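Following this line, the structures themselves.
Both of the next two complexes hold chain A, though its partner changes from chain B to chain C.
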Partner chain A sequence: MRSGGVLSSNPEMTVIPVPKANFTGALGDRLASVLIRGSAFLAILSLILIFVFIGKEALPILTSPEIQKEASLSTLFLPHPAKPGARTEYTWQPVSEVPKYSILPLFVGTLKVTIIAVLFAIPLAVAAALYTSEFAHPWVREVVKPAIELLAGIPSVVIGFFCLMVLAAWLHNAFGWTYRLNAITAGLGLSLAVIPIVYTVAEDAFSSVPQAFREGSLAMGASSWQTAWRVVLPAAMPGVLAACVLGFGRAIGETMIVLMASGNAAVLSLSPTDSIRTFSATIAAELGEVVVGSAHYHVLFFLGASLFILTFVLNLFGHWWVGRLQKKLQGAS
Partner chain B sequence: MFDKTKIAGGIFQGLSALACVVIIVMVAIVLGNILIHGLERLSFGFLARAPEAGMTKGGIFPAIFGTFALVLLMTIAVIPLGVATAIYMHEYAPKRSRMVHVVRLAIQNLAGVPAIVFGLFGLGFFIEFIGRGMDRALFGGRLVYGQPAIIWAALTMALLTMPTVVVATEEALRAIPQSYREVAYSLGATRWQMISRVVLPQAVGGILTGGILAISRGSGEVAPVMFTGAAYFLPELPRRLNDQFMELGYHVYVMTTQSPDVEATKPILYSTVLVLLMLTFLLNFTAIMIRARIRKRLRYGR
Partner chain C sequence: MKARVWAVLGGLIFALPSISGCGGGSGTGAKAVTVKGSDTMVILGQRWAETYMTEHPGTRVQVTGGGSGTGIAALINGGTDICEASRPMKDKEKEQVRSRHGKDVKEIPVALDGVAVYVNESSPIQALSEPQIKGIYTGKITNWRDVGGADQRIVAYSRENNSGTYVFFKEHVLGNEDFAREIQTLPGTAAVANAVAKDPASIGYGGIAYATGIRAIAVRRDETSEAVHPSLQTVRSGQYPLSRSLFFYTIGEPDGEVKTFIDWVLGAEGQKICEAVGYYPLIRK
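Up next is the complex of A and B:
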């Protein structure tokens, strides 16, 4: 007769071996936790640091009377006479006897080249994305997607090189513009940098539209292009908008292409065939020679801070729209 | 007799197909032009020799060396940081917590910050703040680290490429079946044991992808290193962390825009561009291959 059942009769065999408290394991776990949390926090911290350290160097324009004698908000944005009594004008001429810091020509130049790039890149990229996601045979997709990835992988200095050495000459021979390097040359080059990001985000948006949308439309007798135009495109609209905004943000901050292909002349004009100078190119061209702590130095950081804030806001909007698209389509499917 | 809808549809489809063709043709023109002209001067000697006679003769070895040194330092900094951040978002923080949301937003925005702004930040933070601070504290004000140096350029570049590593690692983490983690926990593993022995070995492919993409990006980017350490010509290779260095992209930029004799440097310039392109493409190609394998597993592996 059993006295107490299996469990109590043979304790050695049945008790589940509980490992001894593993001190190093627990300590390692705690240490890893701290390090991992720390580095995630570092991502946030570095964004804050960028803001603080660029803002700190830009701030004297607003606060320091010393710097403001040379460069204040009014000298940056309002017209000023070159000499006392002369005609007032907008001039960017930081290295001269009387430094002139009007950033309006730079602003117009940046806007001009960005708009040209975006006008060229967005229709191309969105149409290509629509084609690959809606009409194309799989093999077409297998060609277009790697080509876009290839394009995205070309360093911007190489695109700048190509614009300066090759494209500028071609365009100059074809159209005979006064300036070989102008807003259109740089804008076309810039569009090469913008196309991949617009294509990728737009293609994501199109392919995240549920298949049921298309099937419903086709079942009602719509043709495939009607489906693409009236069903898929509207459904994916927030994503397409996001693609445009992110592309714009990419274009406005891009440096090497405009630095090499735009001519870098700070002229205030609206003509797309004039040379231009952008915010980013100005920083790249002038920061190397500037005296640390001078008014010019702070103005360059002011340009950088404006670029940072502008692209930051554009990115926030872009990602917000992508998020909205996902939410909308999740609710629908 | 013509069906209006059909014609409109045909035009619509044709136009969108044309967009694809235009993009591919543009890529082909750029690459073809560089390939044809670049191959003229490309040789082993070109890769292995230093520039001579004001960049009109010789090779680009110092620039290649400098680029490798830069991305090596950058990788050492960015891989642990990027991987840890991805692990935090995917393994540590509660799903959909506010903190994850904020970290993700920060990563996304970091990816959108223009390269030139990173350059400004590198100058203002690493050189003027950290470097000068180190000089004051450790070297009695002597100029050692408070100047452009390869370490500052590498750290600036690490910040710029961090989002790439985070995104690729996260994708790999997502591909690991949840059951693996549950099994590890059920065997009594702590969270770190589970991550270091189960999750990380499985995520190696993704980490590799991220690392390679980051290296590719880092070896082509110029704006962030212009003021933080790159130099046009140096007689010696960088040896210490506070040395300046030559970089392929920066070399291309200066040769293109500031060469006294454009025609004489043109063949060398083209070959340098080709080397830079081949380097980045080779890296990208490898990364894309690894990523394709991970995606396959993500689709069929569960």
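Up next is the complex of A and C:
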């Protein structure tokens, strides 16, 4: 409402060029810039507040002796016997006589499904982007580009449902895996959500490579394939990398698809045909029922905080790498 | 701009009485009853609401699912008038209601349900004993060969741990032992039923009302007793081992619209709908 008032004062300034109006206009400009800057800081502030909130709820795992009796860092990361005397193992079993909160199976599961999704999505999306920006007829491009971008608009629960009903059955019939819902099924479903993001950003990166690069390369006698592969792709590499990092971040945090298509069994194994349980799906499935303030509650927030830090570090690393590449490219040209 | 602000303000002014009406349960304007809870009961609740609303056009009954735990949490937080639950409320939860609202929670059984154990239609398994089902879900039995089937690994599906069916199954069948780690959990009985329908080597459990397209097997209490199929007679008589009551919970004695609705549900018409949906009407004494 307030920003609306400021915006509507701007046209007045341009229409009536009297000094007084100019003065209020300058004031309006200043106000607008303050507001815009404010909203940018508001975004950062809310991000910090979210993290503080999650961190505060996760903290008792590290500080409260009461909670630590049930869940401490050692219960989260080290193996424990299911019963006294039994061999030690990594188990996630929070609703139990003796709750077990080993997050290692969840961590391995999250990483497994994310890597499968990314391995599948990135080559496909980057190749598609290269094709539409370098080789496709303009009319093909006009059809393909919005079609892939539209994929991003499909709600993830719909993709999840599709995986559960259709994709899982196809893969199960084709390969005969023991578990119908497994890391590969969920990973393929996830890649459907990742492809449009990687594609869109990579396509922008290819399109923003100066036309002169292509003309130069073609004038030197390179084929259009050589131009695309050896000139356009390297020149657009920082953008493509940024696309990959964004895609990875989307895959690791995506909830609904993995909740529906992965089977959600917290098994510690590296096999991609075993069922997996991810951080995000665990939070989604269990937070609704949990008693506020219990150890289980704080562990779930700990999972959230870990996920937050993981994506943050990943983005930071991606940013640094992109920056380095950019510098290298500029130095070379 | 201004018009929009006024519209919003106007909307708020009109919305306020209905919000406070919901909370107090004695609203004069809009008559709305909110029902929230068990996913098992959501179909039943919606059918009740639809029929009730056609007969009482002045009242709006809103039914949502989410799981018994979610419904109970909503009742405690004052987010719903009636909580549907497929398990009895725990003492700790009743205590939370008492300390939060100063009133005891009122438990009203509204229907009977059996938890069915499903297998794929093509499976040769006709009956399992409770110890066998327990063995499968605790990971001691992993091959169908051991319970009279083909030499094939058992793929067992369960509900997520926010479901009343999960808690019922864990307490009654597993004797409160842990589920094995390999057990796959799915959000919602429909997802479990669907997964079992697609995989010949699988087993799952859930409400009997969902058992279409898959086969509910007969259950023996132990190895020597007779195998009993889930049905109206066996659930009502208590012969079927895996049966339970379904509940409504309210804060204190229900009054006003909420009471009228609950009385109607417990009456002849409401109970007839139970049967139509696939649950069992209460035993009339």
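Here, the second predicted complex is superposed on the first by the 273 of 333 C-alpha atoms of A that agree within 3 Å, B and C clash if a C-alpha of one lies under 4 Å from a C-alpha of the other, contacts with A are read in each partner's own complex, and residues count from 1 in each chain.
In the analysis below, a residue touches a chain if its C-beta (ideal position, glycine included) is under 8 Å from a C-beta of that chain, and two chains touch if they have at least 3 such contacts.
Model, not experiment: these values are computed from the prediction.
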item	value
Touching partner for A:M260 - first (chain B), second (chain C), both, neither	both
Chain B versus chain C as contact partner of A:L164, first or second or both or neither	both
First (chain B), second (chain C), both or neither touched by A:S275	second
Partner chain(s) touched by A:E286 [first = chain B, second = chain C, both, neither]	second
Which of chain B and chain C A:T178 touches, first, second, both or neither	second
Chain B versus chain C as contact partner of A:Q93, first or second or both or neither	second
First (chain B), second (chain C), both or neither touched by A:F77	neither
Footprint overlap on chain A, where chain B in one structure and chain C in the other make contact	164-165, 259-260, 288
Touch list for chain A against partner chain B, complex	19, 22, 25-26, 28-29, 31-33, 35-44, 46-47, 49-50, 53-54, 56-57, 123-125, 127-128, 130-132, 135-136, 140, 143-144, 146-151, 153-162, 164-166, 192, 195, 199, 223-226, 228-229, 246, 249-250, 252-256, 259-260, 280, 283-284, 287-288, 292, 300-301, 304, 307-308, 311-312, 314-316, 318-319
Chain A residues within the chain C interface of the complex	1, 4-5, 8, 82, 91-97, 100, 105, 164-165, 168-169, 172, 178-181, 259-260, 263-267, 275, 277, 285-286, 288-289, 291
Of all residues in chain C, those that touch chain A in their complex	1, 5, 66-67, 69-70, 73, 92, 153, 155, 160-162, 166-167, 170, 176, 178-179, 181-187, 191, 194-195, 198-199, 201-202
Interfacial residue positions of chain B with respect to chain A in the complex	5-6, 8-9, 12-13, 15-20, 22-24, 26-27, 30-31, 33-34, 80-81, 84-85, 87-89, 92-93, 99, 102-103, 105-121, 123-125, 128-129, 159, 162, 166, 188, 190-193, 195-196, 216, 219-223, 226-227, 249-250, 252-253, 256-257, 266, 269, 273, 276-277, 280-281, 284, 288
